[in-house]
């Protein structure tokens, strides 16, 4: 149950993801962005941060890091990949996920608690959640405003690929509950094949009660569980 | 720059030490301007100081040497007008590992860990270009901390601006907050707290102070020294450009070769990504054992880092500016030595380890170039392509700066304001409820959510207490231990009475830390004042230092460093004297951290400390009457210490369900905050409170008396708390009960009853700053 | 080889929400510039390129745009100039 | 009144560090574009302005630049076009 955590020079949440995987009983290991192999990993996490300073556009430069070829191949082969925050931006830029993350509607960096609704369980990333469950966790980004063209958006919805949607305490995906202007209140999506997840909020910062939330931990448990099931299958 | 509070006060060495005589002395460089009295004056040096330089050198300095002296003997590096007074500050305690004089102070926080921390000002750069000024301020303070071998784990700041109804103030405020945020966010350091004040006293000169906390294993501490003759000096990180070359005012043509004047911008641009790389590379370098010393090229760049590292170890350095990687062509030695380009370090590598150093830097995509070596000559020697351009005894350069202590006197205008009778203003013009809402809705008191939500507060998963409460608390990674920190300075109080105000800043900062359950341990300070050449500013400075001394000594929180920022004035009008205190503390178990918000209906509310109703310098007077007047609240140090000890004992016994100190806006502000709770995640509750004090309603609700904390506990613990307080000799009384979620805050005094709806309070408290800034 | 300055303008695709443009529009309106009817904000990137001919320089820049400088999902680009050294500075 | 599109290019002042340009330069180099010798990044702002004449539109834009669009401390600006509706989109 080896989980590769890709570390770019500007990654900030690599350690948070490392701890999350550990708490979920997986074995995390860092993979430096200049590596060309994932070292036999069973899953990949692209963590948050500012991969290459996020100059030009978040994730634009990171996608050319040597390791991204291996990540792309891994994803095309059906390997499980999770991109969190900056990781989501990198995966979009790399074409592993559709759409793009634009500047927040507020034009400000926003770092605060948010709520999101679990839209679908039974995926490798959400198997331990309840459908409709309202999760609370931090978000922290300047560019989290999800955009995709109308056709892509329609596909995402029709195929049930929106896994997380910003919502209020009662689970309603209202405009007020949308922190950044994301289309359809989208907080997290998967690719068509369902093996690549990108999300803006930080489950990796919601793994300990003393820090205010444990709602993120099940995501890592789902991931580790999915790997384990594959192993014994 | 290091704050020499305990300065070793080395007498200037007479003449150059032996050894230099065998090397050729530098000759004027072609193109150097002739040294005239005007040029000396432009460099901020007095005729006497220049005479002293000639004595030290035993000859006329070259233009390059003059530049070096001017930087090192500037107020910023040399502490001319503050050093003598700063020596009065207490700097020692068994837990202090590194006191003033280094890049940052360091204390032992237990469990084998040490905490490095420091605060610095970036006032002037932020006034010129708020975004970059604030951003580069964060960059500098991070470097001060990680050059000690510590990993930065939190930042705080202290901001003072003019009133928000002025468009330029909004521009400055918005730019500064964004600049602080973007830089720290990109480097990945959580912000855990700070303060913002708005008052017309800061209209032309905002105060922007940034603080950083860093953690390390005790054995990993490294200092900014140039030990070991023959060791190698390396320039590491970003390239050197013509940014921020020290404040000389002569014509640009004399300075640069061939470039037009627009190419010498005064603004420095921050590059947080390079900083992040530099941080990781520096920590890896330090852990590798290949280097013996490292220092940020901060103010006065290569000059101060080179001279200070040599000065601290009693060695010399020799460097060749032609080897320094530059960003622009045709830079003179003068420019290279004085450039303040950001994200650069000077490293002393062990001889023979240069390649290993380079390899680490390359991993992080940074450059490291050998530029010179450590010598035994005791001099700061600079070559340009092998030709000497400067050769100065290092010790007098760093420690020989003449110091002054001028006699000052209080300004008449301030005395009049302080002695003014404020009695006529005690009756609130629009009634008590209106006054309550105006105080709670004044930008000084209102929530700073708009500010701190632009800072990443949760990155790296150790933020136990985030901004919004009394002090921020960060967990030491991999342990249960935590460090707490708070920045405080009520500039209105220090303006009216610098001594009481500075004592109050220390007391409040310590109280904020204690309210979380952490023991206050030590202080870093940033002293923001006007021109020290003026009598009333000298008076303010002296009084503030004395107040800080008394409070720090009494509360056993020694000063481990800091920063002095003078000349915060425009058109002769100075800022309020603003001695910002950055207090740090330690808590053994972060699970025991006490939060500020009321929790459960039925919990008893207690007031620890006595109400004395101090309205002098209060937010009430400013918000309702536009007045800055009266005697600010005095600090009763024994009572303050007893209060803090008492609250720490209660926290340790886990008797507290909440604790929140009383400061700006008085009990009105504290009770509002306790009821509303955290934005987004918190749950508002109501409270029914009753006071019996024989004070006017205004004094009772809006008085800013020190030494008070509002507590709650489980009903069954009330008696124990009261007994505890009695044991510590601290007045403590039950003042009310927590009521239902979203219930109003009801307050009864001997003469009035107030009922404040939760929604109304919420709109005022959370709404005012966003409403102003989004307009 | 000559040195050319290529000016690359990257703009948000029509129809895409441009929050930055909207904010500037709002700010201009509140400064009293009512005649402004719309504002859109993009990036201006200046590349100093060594190339044999201006066409060559432009072609390379176009490739760079497709690969890195513009995001095809959200942005259009235009290469508007390839002049001698130092233009656009 | 006619509607004009004014193109405003705001660039970092020479001599100032341009971290964004530096990072793009670095990225282009590692993509093999060795011919790129320098990169600088600024903003391209398109204003749709109702004005009597193109000169009028430009003049207003210049005022807006001085007041809001460019930061005189760190940026230079150039107004490069005032054309009919929709240019620069």
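Annotations for the structure displayed:
Order as written gives the chain letters A, B, C and D; numbering starts at 1 within each chain.
Everything that follows uses one rule, which is that contacts are C-beta pairs under 8 Å (C-beta built on N, C-alpha and C of every residue); 3 or more make two chains touch, one makes a residue touch a chain.
Predicted, not measured: the structure shown is a model, and the values here were computed from it.
Interface comparison, B-D versus A-D: the higher number of contacting C-beta pairs is recorded for B-D. Rounded to whole angstrom units, the spacing between the C-alpha centres of chain B and chain C is 41. If you average the CA atoms of chain C and of chain D, the two centres end up 8 Å from each other. Rounded to whole angstrom, the centroid-to-centroid distance between chain A and chain D, based on C-alpha atoms, equals 35 Å. For chain C, residues touching at least two other chains, in rising order: 43, 68-69.
Each of the following residues of chain A touches two or more other chains: 52-53, 55-56, 60-61, 64.
Shared interface positions of chain B, i.e. residues touching 2 or more other chains, are given as 271-274, 365.
Checking each pair of chains for touch leaves A-B, A-C, A-D, B-D, C-D.
Residue ranges on chain C touching chain A, taken from their complex, read 16-17, 19-20, 23, 43, 68-69, 71, 73-74. For chain B in complex with chain D, the residues that touch the partner chain are 128-129, 132, 238, 241-243, 259, 262-265, 267-274, 327-328, 341-342, 365. Of all the residues in chain D, the ones that touch chain A in their complex are 19-20, 23-24, 27, 30-31, 41. Within the complex, the chain D residues that touch chain C are 1, 3, 9-11, 14, 21, 24, 27-28, 31, 33, 35-51, 60, 64, 67-69, 78, 88-89. Contact residues of chain A toward chain D in the complex are 52-53, 55-56, 60-61, 64.
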